[in-house]
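What follows is chain A paired twice: with chain B in the first complex and chain C in the second.
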Partner chain A sequence: MPDVQALNEFVNLLKKRKIEGSQATAKLTAELLRSVISHQRVPHTNQATYLINAVRAVGEQIIDANPIELSVGNIVRRVLHIIREEDLSLVTDAMAGFGMSATSDDEDDVERDDHPALSAVVVAAAARSTLRPPSLQTLLEDVTDSAAIPPTPSSTGDSDGKSRSVEKGTRGRKLKHDVIEAVNELIQDITSCHEQIAEQAVEHIHQNEVILTLGSSKTVFEFLCAAKEKKRSFKVVVAEGAPRYRGHLLAKELAARGLQSTVIADSACFAMISRVNMVIVGAHAVMANGGVIAPIGLHMVALAAHRHAVPFVVLAGSHKLCPLYPHNPHVLLNELRSPSELLDFGEFSDLMDSATSLGSLHVVNPAFDYVPPNLVSLFITDTGGHNPSYMYRLIADYYSADDLVVKQRPTAGN
Partner chain B sequence: MGAQKKSGARVSEDPDELVRVPLQAILLADSFTTKFRPITLERPKVLLPLVNVPMINYTLTWLESAGVEEVFVFCCSHSKQVINYLEKSEWLSQPNFTVATIESQNSVSAGDALRVIYERNVIHGDFILISGDTVSNMSLTQALLEHKERRKKDNNAVMTMVIKRSKPNPAIHQSRLGTDELFMAIDPNTKQLVYYEDRADQSRGTLHLDKSLLVDNPSLSLHHDKQDCYIDICSPEVLSLFTDNFDYQHLRRHFVKGLLVDDIMGYKIFVHEIHSDYAARIDNFRSYDTVSKDIIHRWTYPLVPDVMNFGHTATKLERQGMYRALEISQSQSAVIGPFTVIGSGTKIGNNTKISNSVIGEGCKIGSNVIIEGCYIWDNISIEDGCKLQHAIVCDGVIIKSGAVLEPGVILSFKVVVGPEFVVPPYSKVSLFQQPIEEDSDEELEYADSTSVIGSQVDKSDIEISSKVLETNFSPASQLGIGGAGHVWSTCEGGHEEEWRHSVAPIPKDKILEAIKTMEDDMEFAQDDSFLPPSGELKPNSNDSDDDDHEDSRDDSYYFEKEVEATFLRAVHENIQESHLMLEINSLKLSYNKQTSDCAGALFYAMMKYALDIPHSSADSLLQNVQVVFTKWKKALTSYLNDKDEQIEVILKFEEMCLESANEFAPLFTTILHHLYNDDVIEENAILSWEDEKKDADEADKVFVKQAQKFIQWLKEAPEEDDEEEE
Partner chain C sequence: MDATRVSHSLGDPKIRRVGFFVPESSTTDSCKILSPRHLSGTLPDMQTSVDGQVSSQSNDASENLNLETGIEKREEGEKKVLKSRSKPLKEKTTKAERRALQEAQRAAKAAASKDEGSKAVAETGGAATGRSTKQSSQKKVGPSFPLAADKKAGDRPLDKDRKKDAPPPRMQFDDESRMEKARRRAVVNPTESRTRVELFKHLPQYEHGTKLSNLESKFFHLGLVHPSVFEVGQRYSAGDIWGGNARCVAMLRALQDAIRDYCTDHEKALVRDLTSKINSYVSFFTECRPLSMSMGNAIRFVKSRIVNLSTNHSEFEAKRTLCSDIDQFINEKIILADKVIVRHAFTKIKDGDVLLTYGLSCVVEMILLYAHELGKHFRVVVVDSQPRLEGQVLLRRLVAKGLSCTYTHINAVSYIMHEVTRVLLGASAVLSNGTVYSRVGTSCVAMVAHAFRVPVLICCEAYKFNERVLLDSICSNELGDPDAIARVPGRMDVNYLDNWASEDNLRLLNLMYDATPSDYVTVIVTDYGMLPPSSVPVIVREYRREHLLM
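Up next is the complex of A and B:
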């Protein structure tokens, strides 16, 4: 495996929780995967499978390093999807080159545009295999036998392998090149997601409105600033976001930009919400059902907003869209951080002395809240505004259903 | 990679960026004590599992994440085991983090270890000194920066100690970590450490500070709520200091105290206090328990089981602080309580209850077992119906059905407890016999035999264990039928001290007892003025002003005692007057006293001496006084140049008559007269003494009245003189 050192370093950083923020993590993940792909030597046949396996192997490690940072898994899946897509388009190009009937090719294209999305929704592999380009398989009349991924046949990869045997040549290098190009685009997207989202600010923030936000999010900051730059005048109420009090920083930065901002305690949100026109917050991750993993305290804000029918808007770059469904999100998708953020160890140390009868003080400091989809009014991603119920569709655009489980099944498969 | 840049956007918590100079660390993989016996007879302390991970991993992980680039692991007892472990682990193959081992079989203390390292000449700059049983997540950046700044200004600032606030238990004078209460005096402005005492005499509740500390430092704060984290940032001089002072053994008791006392070289030690970060050293079983709980409660984040798995199988954190490995088999009816860690491959039977415990890998726990507050390591089998409370159970132990472990029990490796057997509280059981040579007092500290036995075990591990097997425990051994193991008798300190350092919580009656004795002490201290009140710190006061006052009162008491002793010596050894005066003068200087104090003290001493000479009646007492005064008059008068000093003497005399030596009371006037005749006290002094007493209470005037006649005579006498002159 090339680049073992870079990989180890990244795993280490993730393990020690030294990278914070999903954007940074996503970008680093994409860059790591790009170098993995470019270092991976591919044989003439079955290239896509090789690339996919390589990315999977790396992906598995980095996902395990910090399973709570979902953006890592998202990017791994995005890259896998990119490989599949590129491979598919190469195959179809080749078909066209072979002089296949133009009609069938077109059909194929049409199908591909619609069906992968649908298929992602219906996770059942069987259903998908019928929807997925049956024309390809019949055309190549080569039923796949590769042992690589039998249960959910990654039909494209395997069949391509066979097809490639027909026409060796420059396709291999081309595939890799195309994939790297696409990953570069992905990195570009991640970097520019703030601007993309901020561009839509004027459509959502109106004159003399009062906006409430909690904690600090780079996306929210850019969003508000963009509206301000467009000469909108509005007020921002910032809940401080205990226990890390990032809200203080946000308020400071906003005030420095000339935005009228008010800091309140988290617990004052409900009292404040009736005067607020819109709640705009950032997210840690957006799940497939439209639920949001968000900084702690947001569920409370969402409920308050729901009660007073205040729109609750979540800003999230597309790298935060996670194709998984949340099961037991309060526990499994949460990170319990050190209690020292809540209280001073020295002050309470005598209450935590288990040796005497006083050892009865416990502190719990979860980092995230789960906001159910029915409380979210609107998602604003870099591709525009979406309803929570539309998330699955968006996810289907970005991910291939084969990749939902990145872990190679050591027991079930093979 | 853009990693550096990105994470740099965050606050400068990331130490990697700031520490670019290669930073070295010395990790002592031996504690040079015997606190963890009998377990440490078979396995070195740093490899004992702490929440299922060998301790040394915590220390190394912290060093790595704190930006240390080169670590020297010093191995002494069981060095082979440590080296083997490190070789198998991934520590030796980390990028940007080199771990090298230094082996020495004949070091018996931390001092020896540092001397060996000095000889190797591997340390080139500032280094971190830490022992392999420290758990921390602190960021070194700030502390290192401070240390370097100080070094630039003052080359003598050789060490920065990391401390953390932690309240000790006021009743038993013990910190959470089971160590004795620690007293530190720190200059609040410079953070210089000027006093360090970890073995204060608790029975008397007193603490003696050198007066010069108060003179030299304009402000001083005295702390007893700080915990020493045993993380030191040292300059290279520290190593050479150890080599120069070959008697330094213990890092704190000898080295730190030595530097603080020694003002010739002027080396200084500073402290760095951490607030939100965690750091603690595992020094005894109690701290093992406390630190384990802190880890489970996530104070050490990210060094917690579900984040750091060190190559073990992944552990998931569930509600209420339950950590469970992915592959465990647990009966439906088993109840696993909060704050429990269960390692992979462990099987748990029906109706078993587990709470507040750590269970290792591959354990087999039967049905109806109750486990509470225990540390159960790997591959242990516990049969049905056992009850375990607050015990440490090492690898491979077999506990047969129905056995009970009372609180505080330590079962070392592969011990077998027979069925229905009750292991008494605080017993330590091992397959090894208790070392017999362990009877001397110094053994406790330097543990010569640790290394000796340790190396023996290293070389002939198998040999000994086979020997153990040969001894064939009788069917009904010390541990019930079919049991195997020797119950160690509690050695020095006796049973009394066991509860202080055990894993078991302190029994309630002990705490009540301690509170009671503490209250008694307070009362005793209050109504007995004999006990010098200095340093009598109220449990929660850090006030140094108080201390100052009390110190001076205290001083005069000691001064008088000294003068008296000097005088008596002079009497008994026939020392010349001039020499006596010389000695008293030097006392005066060293206690910073006035001449009048000397006069008072000396007078007191003389009278006391006169009183102590056997006498039958008041007359003979008077005679004694006369004899003493004729002999030592000169010494006394040399301090009585002034009226004030003479008044002081009279007041002292009065005080004596009232309190300590009331035999003099009837003789007051006579002696006063005598003193007048001997020219010890002049007329003026007596008159102004009377004058001073005019406004006093009636009670105070007793002696004035007694001397009224004499004074009257005095008043008249000068007139006569005058008349005569005229």
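Up next is the complex of A and C:
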């Protein structure tokens, strides 16, 4: 397969954490999946399942490569969802076609009339059940679903097999084409999410506001700049965001754009929050319950904002919406980075030698914090502002229930 | 100038109390209601606790009284005349710490005036003590309106007493007129920072690094400043001495040296002269680095001891008592207090605990080491933050002593808080509304601990308790060197802010302290035992009384 090399390369980059930021990762993932789909030789029958399986196989690998980077999984799920959706729309189109052909064929052979109509209904029902968000019905039909789809073409195919297979072939190519088109749209969405979020800036930032942010986020930068371009003058307090100190960079860039920015140490967040009107931060991922996986330190800021009744606003592109629930987020969805960011190894190496020193020394340098939904006032996504409690619904629009567990499914099923 | 007047004025306090509705009956309280003008010589409390506002307050008080009676108005006029006429009195009323800046610059002038004053004292035949100066000033009031003087003096203390409870207003650095005056007086003359943070205009914001060179070049011009005071001041501004206790002890030792080497001019009163000397030293310290609240308390103590000196001591004896008093303060209020705190806090440590501490607090360090020595098995989480990174010092010491430690930075505090069973924090001061004023970041740690339902123990010596109140960390704070924010030690890759000063819109803010609201504090461990934050005002009051009697 030609895309194996690209896949391995991408997996390597993910494993080595060479790709920074969920937007870049999401984009690369989508591009990789697009190439996977376009290189896939689709059989005549059952293309959707085939494509889904192919994407899943790749998806499993890249999710494993960096399980912390949730946007990879999000994009894999969304591509799966796209395939299902395109398949459904083709099926419904076909069903309409069947209906047409059934009426035209009406006079020729009446006895065959009920047969395709019945099968079309079955197909449509099956397709619908694969696509819809979780409901009791889907859960019950889920088992029969995969078994139900394959027989239908064969049952319909026996009578006019040849003409159907030709039609299927064009449909298969059309499905692939449609899916790639849709993935392109997704990539477009990911690229433009900053602008779409930034467009809403004027609605949220008024004159003379003092805004606090921690660390650096491209989304936040664009958001603030957009407000600045609309002639709003306001001040930004930037907490430096140890141990990466990206806040320094953000403050410098904001100052270069003419925004009055003040850099503070992270420890001064609580002291400053009483003079701040709004906290605007970026997120790493937004979970289905409205909780946020955010850069380290934001839980502290969120608590301080909560205490002082300062709105805590999270900006997140839709590729950051993750359909999973954080059950023990501090343990599961975190990553411990190198201690060298906190302690100079040379300086403390004598203490780390267990033979000479009596005590033990651990250095904890987690990368992410979990901010529970009750501390978040508002999410601003590219589709508008949302309450944390609404996130699950938004997520249901983007993902289909079958894909929630990409990882275990293929290993168990295949 | 005659004997009757003297006796009258001496008896005054008791006479004056009659007929005024001051309910106090204890000796200390009766002392409190007396006017400092009349009794400053004998009353340490007045002298010390009114501190900064003596001069301004006496004016305020008299203004209030002006509304009441014409006699008092006349008296007020008399007083003004008196003020301008008698330099010693003026010397008295400007004892305040804030006003003490004045002394540094006007030393020569003041010295001349003091000569004049002490001559007047000498005339009365009294010894060169505060008591005699009090008499001399008393006499000047006495002759013209003895009755009015009495009445007024009785009225004023009431007002005073009430006002005394309010802490003296701090120097506000956005007050242009006062700043102008202060600048003229200043010894150090640091360059004002070009990039001042708007929100903190009321706090001093100077270019860091300019202070030190200025200081060094001025050593020989500063005839007033005792060498060891100068040294300590320099080390303050260089950041050599930090931590509340260390700074306080260093200051007290320097003052001790200065007292030891002090020698009264034969024409001056030891009490007044030494107090003014101390004031000038204190203002010098303040210019080097703003005093912490605990240091303010210690200075108050020293001044009260000076004012309280027995009149019949020789200079040598007086100096020796003072030095031993200071020693006693250091021993009892700092060293022994720490030991007591360690004992108290130890009872709260169990086997298997995970204790979290933030930054470097020497008391907390002592507690951890003590518990470890006594064989408790626990783990320590050291939380640290930019720009001081004091935690690394603590970490090094603890690991070397064999404790098992986890090190992390303040952003990760909510990550690590799951494991933690106790949070031990130090404090720079505990204010009477229960607010804990401590190194910046303490409030964040306490807040996260509160959110995770982990008890927060604040370890703080009682001499750091202050009657001031604070609601946030903005109104009263200290700003550190902004460059410290831009540099990250050991991280060469973080260089985004290398020439931040050239950016017009960029400000760096290095706050030194923050205020932790009392509801985040579970218990305050002091040398008086373990208290809830709501008991702080009680301790402040009791402590002040004890202070008086000592």
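One rule holds for everything that comes next: the second predicted complex is superposed on the first by the 334 of 414 C-alpha atoms of A that agree within 3 Å, B and C clash if a C-alpha of one lies under 4 Å from a C-alpha of the other, contacts with A are read in each partner's own complex, and residues count from 1 in each chain.
Quick note on the criterion: a contact is a pair of C-beta atoms (placed from the backbone, for glycine too) under 8 Å apart; a residue touches a chain by one contact, two chains touch by 3 or more.
From a predicted model like this one, the values you see are computed outputs, not experimental measurements.
In the superposed model, A:A256 makes contact with chain C only, not with chain B. In the superposed model, A:M300 makes contact with chain C only, not with chain B. Contacts of A:D344 after superposition: both chain B and chain C are touched. In the superposed model, A:F10 makes contact with chain B only, not with chain C.
Counting the residues of chain A that each partner touches, chain B and chain C differ, and the larger count belongs to C. Of the two partner chains, neither chain B nor chain C is touched by A:I380.
Looking at the shared chain after the overlay, A:S360 reaches chain C, while chain B stays out of its contact range. Shared-chain residue A:S267: touches chain C; no touch with chain B. Under the contact criterion defined above, the residues of chain A that touch both chain B in one complex and chain C in the other are 341, 344, 347, 357, 359, 362-365. Interface residues of chain C, counted against chain A in their complex, comprise 197, 199, 384-387, 392, 395-396, 398-416, 418, 440-441, 443-444, 447-448, 451, 472-474, 477, 485-486, 488-491, 494, 496-497, 500, 503-511, 514-515.
Of all the residues in chain A, the ones that touch chain B in their complex are 5-6, 8-10, 13, 15-21, 24, 27-28, 31-32, 64, 331-332, 336-341, 344-347, 349-350, 352-357, 359, 362-365. The part of chain B that touches chain A in the complex is made up of residues 1-3, 6-7, 9-10, 14, 65, 95, 137, 164-169, 174, 176, 178, 225, 275-278, 286, 289-290, 293-294, 297-302, 307-308, 314, 316-319, 321, 339, 373, 505-506, 508, 511. Note for the complex: chain A touches chain C at residues 240-243, 245, 248-249, 251-252, 254-256, 258-272, 274-275, 296-297, 299-300, 303-304, 307, 330, 334, 341-344, 347-348, 351, 357-366, 369.
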